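Got a structure here, written out as structure tokens. Questions coming.
Going in written order, the chains are labelled A, B, C and D, and every chain counts its residues from 1.
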Amino acid sequence: MSKLITCEEAVKKVKSGSRIMVGGFGLVGSPLSLIAALAQSEVKDLEIISNNLGEPGRGLGVLVRQKQVKKAIGSYFTSNPEVVKAYQDKELEVELLPQGTMSEAIRAGGAGLGGFYTPVSVGTKIAENKEERTLNGKKYVFQEPLKANFSLIKAKKADQLGNLIYNKSARNFNPMMATAADVVIAEVDEIVEVGQISPEEIVTPHLYVDYIVVKGGK
Amino acid sequence: MSKLITCEEAVKKVKSGSRIMVGGFGLVGSPLSLIAALAQSEVKDLEIISNNLGEPGRGLGVLVRQKQVKKAIGSYFTSNPEVVKAYQDKELEVELLPQGTMSEAIRAGGAGLGGFYTPVSVGTKIAENKEERTLNGKKYVFQEPLKANFSLIKAKKADQLGNLIYNKSARNFNPMMATAADVVIAEVDEIVEVGQISPEEIVTPHLYVDYIVVKGGK
Amino acid sequence: MNVKQYIAARAAKELKDGDIVNLGIGIPTLVADYIPSDVKVFLHSENGILGVGPTPDPEHIDQNLVNAGKLPVTVLEGSSYFDSASSFAMIRGGHVSVSILGVLQIDAIGRIANWAVPGKSVLGVGGAMDLLEGSKKIIVTTMHTSNQGESKIVNELTYPITSERIVDLIITDLAVFAVKEDGLHLIELSPGVSLEEVQLKTDAPFLIAKSFNKGKEVTA
Amino acid sequence: MNVKQYIAARAAKELKDGDIVNLGIGIPTLVADYIPSDVKVFLHSENGILGVGPTPDPEHIDQNLVNAGKLPVTVLEGSSYFDSASSFAMIRGGHVSVSILGVLQIDAIGRIANWAVPGKSVLGVGGAMDLLEGSKKIIVTTMHTSNQGESKIVNELTYPITSERIVDLIITDLAVFAVKEDGLHLIELSPGVSLEEVQLKTDAPFLIAKSFNKGKEVTA
């Protein structure tokens, strides 16, 4: 019942048209080996939920360059000029969410909620087609939860069961994404024996993790 | 700028009629020294948000016995027969929430949300006076966030800044309550130097904690 | 083995390797003692533990380590602790494979009542509604009749409903029912129990599966 | 000290001991270098850090430790790491004392635009809206005019608004404005700057505080 597989085995599970969450804030905390394996595969028409889309030719930027991405949901794509170009050429759809709304929507997806009201973006372009509601005298915007077919996340260490801990600011979106997809694949720097990570310290309990790959592995 | 005060100083901040969140699952993870100090004080008409109301004459049960509590919001009060009696004698108002809805409502309060939709309690007595809404074909109940004037929480260790870690299943409601009140007072077993708790391991960052008292202190 | 232990042992046979399992108070708690040695499951406790272990000896009780029934427990290697909001996020989000729950009543389409008694002050709900809503599979373990001899499997609930969610399997001291779209299906009789006895003690109508187990042996 | 450093140093004077401070990209990032030594603040970075320290030497860069501008940072003793949902819960929940932000425009009642440019594809918003909505106090640091010499303090925003939230203080290279219910109040001129220059370069109307600081000295 080992969860350990290779990157190649991992990306074989992904079909064209899948909706995939990918962890990371820029390239920090991004599962780069899994992304590289995806870039080697034939899958296309992907819908990616990720804060950014990498950099030109790096991380998710490779998938954009290879036209494997149909739609992206995230908070900040401007840092990759190739994303801007693909959008202008109508090769890529983009849905923009404030970073806090996005991270909360992923959490809500994993937590089985039907949606929530956030005060963020009220009165802005982002909220134009969203339900607005006044609660206790304050205006809020309704946000639906986000879920996906797959989450590709990056952690520092996994134990053999799949309990995860992260590395400094590389934690970012990974713990929420671990909760919000049908299949969760974690890329880790290191796998340790069960019991090597303290129960108090575990950030992502193993029930959220379906498969583990080791960074740099094939 | 030390956050360390005595239990007596802490409860002096609490006025009659205050709304107070109190951590703990039963007596486990409950700030018993702070509660004892409250029981020594003259405050009354308190509105308590807590999963339970202690046991007869123990923990929050003392405040119930002394008629200091006007209203309780929580998930399970049946385990203290004196609560049942006070309710039947119309000395105590009770608002019952499913445990998951309650913990999520406290989190939402601390996270600045206007409310959320949960599928839990749809079609039950608990949902009788609540807004029901169908989202993507599934029925949900609207839940407002919970906030309070004070949170009295219990942690294992604080550092001098107020960063907190908890002890096993005594964590329970404490981390959320730390986020959802105007004034947060943490009772801890031990205070350590800054730097003694790893940045990866801190559960409640110090920005949430206003005051620290040591367990068993006056 | 008394009847409650029998029910618990029968329920344990439903668990699969790798399952994340939440056990309610009462008979469900006993299930932990009957999990086959070749099946590794992980016990989730809604007060914030994944990986609950056996009850400790009295001298090894840790006051900070209790299960959702507020009883002292231990944890196994690979366990983790988390706050209540995270714990119920797991439950509501569908990350618990199986919850085994006690009940007051079950109706003819498989909905249950297990949190409140009519005519009494309703002052406790706990995590029952969350578990029922969110768990992938719900197994009910219960005595077939109440202490007063009334059937717990009824046409219509007279106790307040816990959730609109229909449970998956009902295990009593007398029989096992699978719940399907067309209602309750008797799939098994306990050893020494006759179909007539089950019919007599079950108020709700039920279908009889073509080939059901008569007196399947259940051992620890 | 160049003008951007001057603005940053002036903003740093607004910080109080114990403040939780979030610094935006650009001039706000420079504020960290000018915090008075007797004022201890804690820098929050929305990608999941409380307790950001100075920029590391090139040989001490840790790839896993960056700020919200994706630049390498260090952390101080007492720092903590958390996930993005927790980080924005802090922000939205009002647990950040002060955010210092750059802007494209500020209107006459103190609302800002700082995330999108008209006519260009809008492909980035980041955490700007969250910080503006949730922070207890908002300080804007900006050059008074754009590179094209146009006033950034305008009657009506021509750039998309970031939030309906009104900011608290505006610090430019020329002046400082407090934002109150009746609009912008000029409270300070930078050294060597005349009231006439500020009037000339400010499109929005503003009130002049009874006693404002003329050329207050700001040193690091």
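Throughout what follows, a residue touches a chain if its C-beta (ideal position, glycine included) is under 8 Å from a C-beta of that chain, and two chains touch if they have at least 3 such contacts.
Computed from a prediction, not measured in an experiment: that's the story for all the values here.
J.: If you tally the C-beta contacts, which comes out ahead, A-C or A-D?
T.: Most C-beta pairs in contact, of the two: A-D.
J.: Once you find the CA centre of subunit B and the CA centre of subunit D, what distance in Å lies between them?
T.: Chain centroid spacing, subunit B to subunit D, equals 35 Å.
J.: Roughly how far is subunit A from subunit D, centre to centre by C-alpha average, rounded to an integer in Å?
T.: So the centre of subunit A lies 29 Å away from the centre of subunit D.
J.: Just give me the whole-number Å value for how far the CA centre of subunit C lies from that of subunit D.
T.: That gives a centre separation of 56 Å.
J.: Which subunit D residues reach two or more other chains?
T.: Only 75, 81-82, 88-89, 91-92, 133-134 qualify.
J.: Quick check: what residues of subunit B touch more than one other chain, meaning two or more?
T.: Answer for subunit B, listing residues that touch two or more other chains: 104, 107, 111-113, 118-119, 166, 168, 199-200.
J.: Should the pattern of chain-chain touching be classed as line, ring, star, complete or other?
T.: other
J.: Spell out all pairs of chains that touch, sorted by label.
T.: A-B, A-C, A-D, B-C, B-D
J.: Give the list of subunit B residues in touch with subunit A in this complex.
T.: 104, 108, 111-119, 133, 135-136, 138, 140, 144, 165-166, 168, 199-201
J.: For a test of understanding, state which residues of subunit A touch subunit D in their complex under the given definition.
T.: 25-26, 28-29, 51, 75-79, 83-84, 87-88, 94, 96-101, 103-104, 106-107, 118-126, 139, 156, 166-176, 203
J.: Which bits of subunit C are touching subunit A when the two form their complex?
T.: Answer in residue numbers: 17-18, 20, 40, 42, 44, 50-51, 75, 77-82, 88-96, 133-134.
J.: What does subunit B use to touch subunit D in their complex?
T.: It comes out as residues 1, 107, 109-113, 159-161, 163, 179-180, 194-195, 199-200, 202, 205-208.
J.: Okay, in this complex, where on subunit D does subunit A touch?
T.: Where subunit D meets subunit A, its residues are 45-49, 62-67, 70, 75, 81-85, 87-89, 91-92, 116, 121-130, 133-134, 160-164.
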